[in-house]
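This is the structure I want to talk about, given as structure tokens.
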Amino acid sequence: MNALDSIFISALHWLAGLAPAPVRPLVSMLLIIAGLMAAFGTCFALATILERKTLGRMQNRFGPNRVGPFGLFQPLADGIKMLIKEDIVPFSADKTLHFLAPLALTAPVWMAFAVLPFGRNMSAIELDAGILFFFAIGSASELAVFMAGWSSQNKYSLVGAMRAIAQMISYEVPLVLAAVPVLMAAGSLSLPDIVQAQSGVALGWVPRWNIFTPWGLAGFALFFIAATAESNRCPFDLPEGESELIAGYLTEYSGFKYALFFLGEYLGLFAVAGLAVTLFLGGWQAPARWLEWFPSWGWFAAKFSALIFLFIWVRATLPRLRLDQLLNFAWKFLVPLALINLFAAAVWWKLPAAMAIRWLLCAGLLAVPYVWLGRHWNGVTPKRRHYGYAQ
Amino acid sequence: MQTPEQIKDRILAAVPGAHLEVIPNASPANQPSLLLDPGRAREIATFLRDDPELRFDYASNVTGVDWPEKVVKEKVTVRKIIGGVEQEAAELVERRIPGFLEAVYHLFSMALGHGPLVLRLRTRNRTDSVALPSLTPIWRSCEFQEREVFDLFGITFIGHPDLRRLLMWENFADHPMRKDYVPAADQEAKP
Amino acid sequence: MLGRGILRGLMETWRNFQGSYYDPARLTTVQYPEEKLPPLENARTIPFLIYDGEDPLAGLRCTACSICAVECPAHCIEIVKDTAKKPDYLGRMQFHPKVFNIDMAVCMECGICAEVCPFDSIKMDRVFELSRDGRRMVLQMRDLAKPNHYFRQIHPTEAAAVDAARAEEQRKAQAKKAASSVPAAS
Amino acid sequence: MIAPPPELQNDLLEIAMGPHHPSTHGVFRMNVVLDGETVVKLTPVFGYLHRNHEKIAEKNSYLASIPYTDRLDYICSMTNNWAYVLSVEKLAGLAVPERAEYIRVIVGELTRLQNHACLAGFLLQDMGALGTPLMYAFREREKILDLFESLSGSRMMCNYLRFSGCRCDLPDGWLEQALEVATGFDSFLDQFEALLTENEILRARSEGVGVLPPGLAVNAGVTGPGLRASGVNYDIRKVDQYGIYNRFKFRVPLGERGDVFDRYMVRILEMRESLKILDQALHDIPAGPVLDPKVRLRNLRPKPGEAYGRIESPKGELGFYLISDGGPAPYRYRVRPPSLVNLTVLEEMCLGHTIADVVIILGSVDIVLGEVDR
């Protein structure tokens, strides 16, 4: 382990060592919290600007490039703007809930970062059931979203909140189910153990990351789709689908409360992307042994950024689904496929390793239902249309 | 397409006793129109839509025209006794043409590709007797346009499913497209 | 329904993403205050009045005939005739405007005034950075008057034609004058 | 499915969508009654942009109405101009020089291209595609607007056509530039289709949504691509052959089911046909005058009479009905707005669909409020 790899741990030990011995664990914990908040707060700021710039590039625009060099201070300007904007509370709103909703969304999301391993030995708390803790925390946001929609006393907010509830509850199921094969493979609910289980290489050069197995690839795709829906991002951004519901449950929020919602959503996205990296992309592991000179947290950050870019890329491309299609998609496509994936993973582990047939069998087990479900989940099979011309 | 005269004859054969009149059009466009009897207008319109040779299945344009009361001065030759001798002399006579509102329908046939046939319906005056039969039950496309005519000209269409103002607000009093409309004083003044 | 269309769409956005760094067909943004598009000769924004010579108010070509004011679709031009007549470029005695106001809040920059003006006096400008302090939206004669060389600069083709026609008329008028003055002298 | 208890069954939610809603394409309002998310009643409300264009035109001269027609359907000012000048030409019996007819076809088809491209972009924006298709469409539209600017001096409010011709001749190099734009547009369409036409989400969203049966479409006076998507072959360019459309070879694409996807596809195919017309017109355009010098633009006083002229504007049949009483201003001036009439059956198309579908159905009808409210 080189010094660069453990730079954060050493810094933490050094800083905590400055405090008197009795309060040292407390100080250490506070330092970790401060570090996480600083890191992901910055990440949030960077993500907003990078998302806008990437979207801009994909749409042949420049994106924000006026504030500071390359527009990098844009989030700062946005933050100031959000802070000094008038905070409007609708007259008939339930004022308490209206105030609490953004807090209730943002606070639990921070807690999810406690269990993620950001690098070698770098998770804030090493819970044995870390992934359970993560999912439990993740589902707390539903409450906040419904609080926001209900308390606003706005019809659009209410419809948006109803959609959000239906969507988030539906997509929890495939999200968790997609993660189960990984737990089976690692034999542990602890996230550092899951990362450890993905170390080493197969066939001499392929890293043993879960994504390089058929069930892992399918699981990653399912997890990614469900995570997109969980974090209310396009193409599953129905709760705030602006062309239909103005801003959904956010309609009556302005100023800093709105910014808090924004922050909460991005942090939720980060958390779930971090989990996807941990579960499927080998966490902080380097892809090859000779690349281990790069610190482990650097690898985590790189994979994490790539995943965030993927989220942005999808957002820039796809239109939005309709609510009934969204639920059909969850229950008739994702959930069955996730269950089949579970089975495929079980088959994988029962067959002897290093056998080409287990690859083929597993892939076939997944591909056939994929084709069938893909054709039928929406109830209608679209035909290729032919357009006639009148002469 | 048949000429308005031929169409008139066909209509008269199908809807006997209807009062029809061909109104010539002096402009180079040469689009003469048929003045319908409001009482039988619905029947005639149904015939025009369903007749296999005419098939005016598409009412494109519906509009109103306001013809306020006019006083025209005409030269009339009268025989007068001037100086004991009866002579022909020109004299200016003022003739009052009573005002009326008019609904104009432009019909086309999508099936046969001909048109336009211009139908006109006239109210009796501009004040109290401004009702005309609505042709919306025959052509749905008249729905909004008749509402607009009701709104802007004040023609009441009897039998329209939903006759409300279209463009002006509900409790607006006047009909802005009439020629004698004067905007209220609180409306925006000219610069 | 198997994701092929979605993948094709993703490829398309990816092409645009990387193309937006080097492909001129995809780099369409003009960063306005620093970069500006080359001005087009036909572009029209607000009307202005042409004057000849040095003094903006004395040299106005406008004869206060009010054709533009009548034809203006929005009726945003206000003209008051001066009482005195002054000779124009042909030596004919013409009225001149005392007041010539254009209400920019109403003007819709259609260019009908320039089209109908028989004296080539009102033309369309192509300045577009018109925001300013204050709320004075009515442009008066002094704001509207621009010299002929400015017109030549912004609409060279049209200005050349106008100048040629005017020179031709002037030449004819002088010839006529000379012709009419010769018999008188003899 | 278990029926909800009776006390919940009448729990309808009435939402006023608009006039300030992101996707009503302007200040349009729909009072939507929802049962859950399903539409049970929809009432369109108009008039927020009403300025009584017709009354203004009855007080202005024939010439001075042309700039006002630009502002009807502010996306396609050229075709608005065309419909109006065509009616005036019919009313006054004016002939148009050949070159001017070609220019009209060129600018008209360019207008159709940019309108349809914008519409497809807006439609996908309404579906939630976050502006990417819209931005691509606008990128191409910019090029067409640049052409309009170098031709007429203005990008959107062109005010370019005149009775018996066009205001000015084409600037040098304009035809080559237009040809270049038309060529580039073809590859843009390929790109656009690659981005979206096959997209599963788009197809799931738009197929079977907002079906308009052909019989109802004809009876309700729906015109333009919306009508042809229902399979009715009615293109005024073919039926009336106004201008010189009989000289060009092009086909009229027809949809088969009349749903949102057909309306989208018909527009895409129509753009390809427009490109063919453009290609022919740009190559065939003859030299000559663009404006009949004998015609008095100012102070035109047609003989008393009336005329109804119509063209196939990108949105449908755009007609102008003019009555002259011999004076300098029309006695009666009427715009037959395609956008307004196409909205007649909006409720029928939306009933039983969800609120998300209402937005895309409205988007596929293609309205511009400047024309709806006039």
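Before moving on, here are some points about what is shown:
By letter and in written order, the chains are A, B, C and D; residue numbering begins at 1 in each of them.
The working rule: a contact is a pair of C-beta atoms (placed from the backbone, for glycine too) under 8 Å apart; a residue touches a chain by one contact, two chains touch by 3 or more.
Nothing here was measured: the structure is a model prediction, and the numbers come from that model.
Comparing the chain pairs B-D and A-C, the larger number of C-beta pairs in contact belongs to B-D.
With centres defined by CA atoms alone, the chain at the far end from chain A is B.
Among the chains present, the centre nearest to the common Cα mean is that of D. Inter-chain centre distance (chain B to chain D, centres taken as mean C-alpha positions): 28 Å.
Mean C-alpha positions place chain A and chain C at a centre distance of 57 Å.
Distance from the chain C centre to the chain D centre is 31 Å, each centre being the mean of its Cα atoms.
For the pair chain B and chain C, the distance between C-alpha centroids works out to 44 Å. The set of chain A residues touching two or more other chains comprises 58-61, 316-318, 378, 382.
Not a single residue position of chain B touches two or more of the other chains.
Shared interface positions of chain D, defined as residues touching 2 or more other chains, are 132, 136, 139, 195-196, 199, 201-204. Chain C makes touch with chain A in their complex at residues 1-3, 6, 9-10, 12-14, 16-17, 19-21, 26-29, 31. Residues of chain C that touch chain D in their complex: 1-6, 8-9, 11-13, 16, 25-26, 28, 40-44, 67, 70-73, 108-112, 115-116, 124.
Interface residues of chain D facing chain C in the complex, by the touch rule stated above, are 60-61, 63-68, 70-71, 132, 136, 139, 142, 149-154, 157, 159, 167-168, 171, 184, 191, 194-204, 297-298. Those residues of chain D that touch chain A in the complex are listed here as 13, 15, 21-23, 34, 37, 124-132, 135-136, 139, 195-196, 199, 201-205, 207-208, 233, 235, 238, 251-257, 261-262, 265-266, 269, 354-357, 359.
Chain B contributes residues 25-29, 31, 33, 57-61, 63, 65-66, 104, 106, 110, 113, 116, 118, 139-145, 148, 152, 165-169, 176-177, 181 to its touches with chain D in the complex.
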